[in-house]
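Order of writing sets the labels: A, B, C, D and E. Residues in every chain begin at 1.
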Amino acid sequence: MDILSHYNYWVAIFLMMTGFYVVIASGNLVKKLIGLNVFQASVFILYISAGVVDKGVPPILKEGASILYSNPLPHVLILTAIVVGVGTTALGLALAIRIKEAYGSVEEDDIHAQEED
Amino acid sequence: MSELVFVGLFAMLVLTAIAAIRLTDLFAVVIMFSVYSLLAASLFVAMDAVDVAFTEAAVGAGVSTILMLATLVLTDRWEKPRKNKALLPLVVVSITGAVLLYGTLDMPDLGDQNAPIHQHVAKRYLSDSGHEIGVPNVVTSILASYRGYDTFGELIVIFTAGVGVMSLLGGRRKKKKVENNDT
Amino acid sequence: MKIPASEVLLLLALIIPVVGSFFIFLCRKFPNVREGITLITGIALFANVSLIASRVFTGERPEFVLAEPFSGFTLSLAVEPLGMLFALLASFLWIITSIYAIGYMRGHGEDNQTRFYIFFACSIASVMGVAFAGDLLTLFVFYEILTLMTYPLVTHSGTAEARRSGRVYLGILISTSMVFFLLAVVWTALEVGTLAFSIGGIYPEGTEPWVLGLLLALFVFGIGKAAIMPFHRWLPAAMVAPTPVSALLHAVAVVKAGVFSILKICIYIFGASSLHNLAVAEWLSLLAGFTIIAASIVAMGKDNLKARLAYSTISQLSYVTLGALLGNSAAWTGASMHMVAHAFGKITLFFCAGAILVAHHKKNVSELDGLGRVMPFTMGAFFIGSLSIAGLPPTAGMWSKWYLVLGTVDAGELILLNVLLLSTLLNVYYLVSIPIRGFFKPLRTPVSGIKEAPLPCLIAIGVTTTITVGLFIYPEHLFQAVSGLVTTW
Amino acid sequence: MTRNPVLQVISKIMIPVILLFASYVQFHGDFGPGGGFQAGVLFAAAFILFGVVFGIESVVKVLPQGVLRFFIASGVLIYGATGFVTLYKGGDFLDYNVLSSHGPSGQHIGILVVELGVGITVASVVIAIFIAFAERD
Amino acid sequence: MATIEQLAIFQITIPLIVAPLVFLLKNGNRAWFLTLVTSVAMMWVASQLLVHVLSVGEFVTQIGGWAAPWGIEYRVDTVNAFVLLIVSGMSSIVLMFARQSVNQEIESNKRSLFYTSWLLCLTGLLGVTITGDAFNVFVFLEISSLSSYVLIAMGRDRRALTSSFQYLVMGTIGATFILIGIGFLFIVTGTLNMADISERLSDTSQTRTVRTAFAFIIVGIGLKLAMFPLHLWLPNAYAYAPSVASAFLAATATKVALYMLLRFIYTVFGFEFSFDLPLSETLVILSSAAILVGSVVAIFQDNLKRLLAYSSVAQIGYMLLGVSLATQAGLSAALLHVFNHAVIKGGLFLVLGCFVFRFGTASLKLLSGKGTQMPWTFAAFIAGGLSLIGVPLTTGFVSKWQLVTAALDIGWWPVALVVLAGSILAIVYVWRAVEVLYFRPVSDDSQIVKEAPLELLLPTWLLIGANIYFGINTELSIGVADVAAHWLMTGTR
């Protein structure tokens, strides 16, 4: 196994983990959501890079016998996943706004402090 | 050639992601995220996923960024530093990452055209969709026909998100009172 | 009128009290009607049970399957002589207690009397379920229901003390049964594949002794209602309940359901031969012996009359457990008879305690000096009752104790023989002494004339006392009933 | 919102272009990249731009809540109805082959219709979300 | 008359198509009625499916005219037909209860949105259950998740917002984990159809990639399932959601997640692969901890809804414990408890709905002594509580019996002891509530209320009655659970 032939996955994993870290370590709700987005977008990179074919072209059929196309299936899946992601983000942001209105803050620490008393 | 593009884009993605972690000005973080999306979109183009690139650009750099900015206007621009820096997140993330790395060890190489992912279902789509569907863009064929049901689900997700946002933010216009019905 | 089949009668034994409680609920606004219904239900139940008994003692063995919740394991009713005896005892004493309760509850001005009568009836229904349980699963189910149905009676007054006692009551009884008893039942089900009671036991030959021993221990400790130490604390706690509850449930129905279950399990699940070979059975019977003595010693220190009676009950229950574990026919005969004898003796004592409470508001033993002159009838009954508990003539208790002693001799358990004899002495000291002081010591606070409890209370006391003595003079019926069983064991 | 005349003029030119491009993306998805979802987002982008430049009230005036709700629902209904039509015609759910005697042309019709449904709902949901956020100011 | 394949399609598509119609309605009562009718119809469909698979056997339905793995298919078997019936049935019963409760708790202009979300959530749960495609699972999972975030956020308390947010974050992490896992499987097999994956895995199963995929899918589902210690979102979410949403979600959402877990363990990865990994050991430790910790924490809750929520954490532990035994009896006990717990918790949350309806609170402190004012509701609470404890003649007892039997059968007596210890802890938390509700002096005398209206009491007692009915007559519940477990273990009927 050629070590360098997997760098795409490894970078994607590094990116995923930065996003994941922001989600669980940050106390700011909006930043958490941004982290979530980075996390998901990096998963998308993982999927898409798995669909790459050396010397391939985008999967739009052309006349010609032996054209090498990239794998279209990951693209379809990720299109769906992107949409799901934006739906989640919109909902999360709307919640963040309501939380700000109800608590006056979007920091987890402040919110906890208010709920304890 | 494409390898070089990949490496360059990956390097920039890493830099933006790290910047997004470290910044506390959320406005800058959102911009970083927007840049991140655009870079990802470019990467997708380089990886032959033009549809995905288009969508990622429109959604990540477009819709999401606008919504995030709008949220920042309504909430706070600056992130407060946390009182206690917990070690736990770092541990969790390291373990998760390590497991993922372990998982990649048996994966096929990047771009290997003999990888199983290219052999089974996808192969048939590429070879048969032309005469079965008659649409040149295979992504569209799969999206709307072979896996049209998933797309229906995707539409429902968007619908759900719309319903959710309307139920959370709709109805009470221009009222900015802090609710405190804490019973 | 056509007399229905015995199976239907069995079901009726469960239904009658439940239907009765429903009517009690309907008539909650009319106390006289309500109490009338209680009595009618009691009489109907006793008639029903007697009818079953008349058939069972001629050899009929009705069975009735209620449901089959797990494949192969049913909820079923079935009658055998021991259960029959228990059902007769409980249903008969329910009538007596109802009469007593009417006097007591009114005389004492208790709240929530409707709730009291409803749950009382439901408890009796559960007792019938225990008595007529056709298999171990059913026994377990009704055992648990009985605990729940008696909880509202224990916490009747709703005071902080009652709630605390209720917690102890529920906590110990449910915990022991949910963990030990249930575990033993499930284990048995897995081990044997059936839970039906059968003569000679159900465990197949060659079951590992440690398995049998562990199971026996699980059963004995799991049946917390038998109040073997260290799971006895619920019984004194339950004494916060109104006296009729203590009298019927915690001298007769509930506690007897416990020892009845142990007896039944020893006879029909383990069988004599299994018990003989088990070291654990011997250890447990020694523990029962310890409980007999320890509870008696604790009882001596209790000034509160009901508490003293409660500890006496703990001690007496272990007689039955002990007899059950000895596993020979003399011991089993003694244990069965003791269930009956102790029931009449102890209920008399509780009735007396309640009568004293209602008439003179006295709860403590130390206040009873000289009370014999004011309540001669009650104190006389108390004397008879305590003789029976001690196992002295002319009372029923003597016969049962006699057979238990024979059982220990048969089993060669000299320590236990001495325990029984010592226990008699202790009983004399802490129970028989009470009426003696009541008659011979001077009255503390002078009361003019005789002041007894309300008439219904006296009637009840009279009946149970008479039977206590009657069973001494004419023990044949009881003995025949029991020995009729013994031959089939 | 600031009412900058330069912006207003530019956006007046831009918005039709965006709309046109959106329509192109909507109906050309079979051949090149694009499709209902991307078109919907672009379409919404035009309205968002309009709202940013001319104020959110003007968007609400064009697309009041009720109308928007109608569009949101109708996209989903179009997609679902397509499925039921194919089911009714004896095919599977969303089996476009039965829409026409010639398989691929049935596929063509089907894809066009469902993409339209996607476009309508996506555009109107994105606009609705934007309005909901903007109205909180 | 529709064919059985069409019925399977209708199971998902009809609520999907009704949802936008409900969304267009302005009147909350009409929206409610349409939702209720749809839900009941789906319950009927599910029962037809179950009858069919029990008598004829499992079947597949393809969508879009493409056979799997090219297209997406539904796969209906005993296990998921059982879950479909539980989900649609609980939804219907809770909806019967919903009208008055929702009218009181949710602003009038948001009611139709609430019912739209309800239908979407129902569809999502049904869709996850019925589908045979791994990626489709993800899509429908997100439909159910997003709509449940909305349902929870509609609670009156402001903490509903934070708990919904917390759930959103954890739920999305879970979904993303599942997405990663599915991606890994996709990369090594090249397919998304579950049956196809399973077939192709048999050659490549012992690779590191597949093991990682397994880990991520289990953890991802574990988040959705509120598997200890990933349960942190659950107590708040159930506590502050509108009463009916709590009842609906508590009775269905975690059940579907458990089904997903079983589906992946047994039919995608396969029994041998899954239990070669230290799955059994992990599950047994986590679920025992869930039972003990969940129950102990429940004892200290002041809010009754939170109390029940922590009890749910413990009850999920019971189900996972059954799975961890890795035997058919254990699996059957787990599936049985899926059903029984749905009935118990659904019923109890409806009881709390009645209390909230009259008193506006589920706080134990504020409700002290008020049980007597609503005798029927209080009686239902006791009956449901007894079932939770596992007293004989209730469903809880049946579950416990089956679980203990299964554990003892393979000699895991410490597991049996954990189960029994859990029920003792349950006595403590249930009885604490009963005592406070009944015996404590009333905190303020001003509020004297009537018994809850019949419209609320009937569905409540329907579920509580079901607790007793299925505690005595277990032919249906145990019967189906046995068949389903057998199917999962062997792949044959």
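Keep in mind that, in the parts below, a contact is a pair of C-beta atoms (placed from the backbone, for glycine too) under 8 Å apart; a residue touches a chain by one contact, two chains touch by 3 or more.
Treat the numbers as computed from the prediction; the structure is a model and nothing was measured.
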item: Touching both subunit D and subunit E (chains); value: A, B
item: Any chain that touches subunit E and subunit B; value: A, D
item: Far-end chain from subunit B, centres as C-alpha averages; value: C
item: Interface with more contacting C-beta pairs, comparing A-B to C-E; value: A-B
item: Chain nearest the overall Cα centroid; value: E
item: Maximum centroid distance from subunit D, chain identifier (CA atoms); value: C
item: Whole-Å separation of chain centres (CA-atom averages), subunit A against subunit E; value: 28
item: Separation of mean Cα positions, subunit C and subunit B [Å, integer]; value: 72
item: Subunit A-subunit C separation of Cα centroids, rounded to whole Å; value: 70
item: Distance between chain centroids, defined by C-alpha means - subunit A, subunit D (Å); value: 24
item: Residues of subunit D engaged with two or more neighbouring chains; value: 31-33, 37, 72, 76, 80, 83, 93-94, 96, 129, 132-133, 136
item: Two or more partner chains touched - positions in subunit E; value: 16, 19-20, 23, 63-64, 135, 139, 142, 146, 149-150, 153, 158-159, 180, 186-187, 192
item: In subunit B, residues with contacts to at least two other chains; value: 50-51, 55, 59, 63, 67, 70-71, 74, 100, 104-105, 107, 115, 117-118, 121-122, 125, 136-137, 139, 143, 145, 147-154, 156-161, 164-166, 168-170, 176, 179-180
item: Pairwise chain contacts under the document criterion; value: A-B, A-D, A-E, B-D, B-E, C-E, D-E
item: Touch list for subunit D against partner subunit A, complex; value: 31-33, 37, 129, 132-133, 136
item: Complex interface listing, subunit A residues touching subunit E; value: 16, 20, 23, 29, 32-33, 36, 39-40, 43, 46-47, 50, 73-74, 77, 80-81, 84, 87-88, 91-92, 95-96, 98-99, 102-103, 111, 115
item: Interface residues, subunit B side, partner subunit D - complex; value: 50-51, 53-55, 58-59, 62-63, 66-67, 70-71, 73-74, 131-137, 139-141, 143-145, 148-149, 151-152, 154-156, 158-159, 161-162, 165-166, 168-170, 173-174, 176
item: Residues of subunit B defined as touching subunit A within the complex; value: 6-7, 10, 13-14, 17-18, 20-21, 26, 29-30, 33, 36-37, 40, 43-44, 47-52, 55-56, 59-60, 63-64, 67-68, 70-72, 74-76, 79-80, 82-83, 86, 88-90, 92-94, 96-97, 100-101, 104-105, 107, 109-113, 115, 117-118, 121-122, 125-126, 129-130, 136-139, 142-143, 147, 150-151, 153-154, 157-158, 160-161, 164-165, 168-169, 176-180
item: Subunit A - residues contacting subunit D, complex; value: 58, 60, 79, 83, 90, 93-94, 97
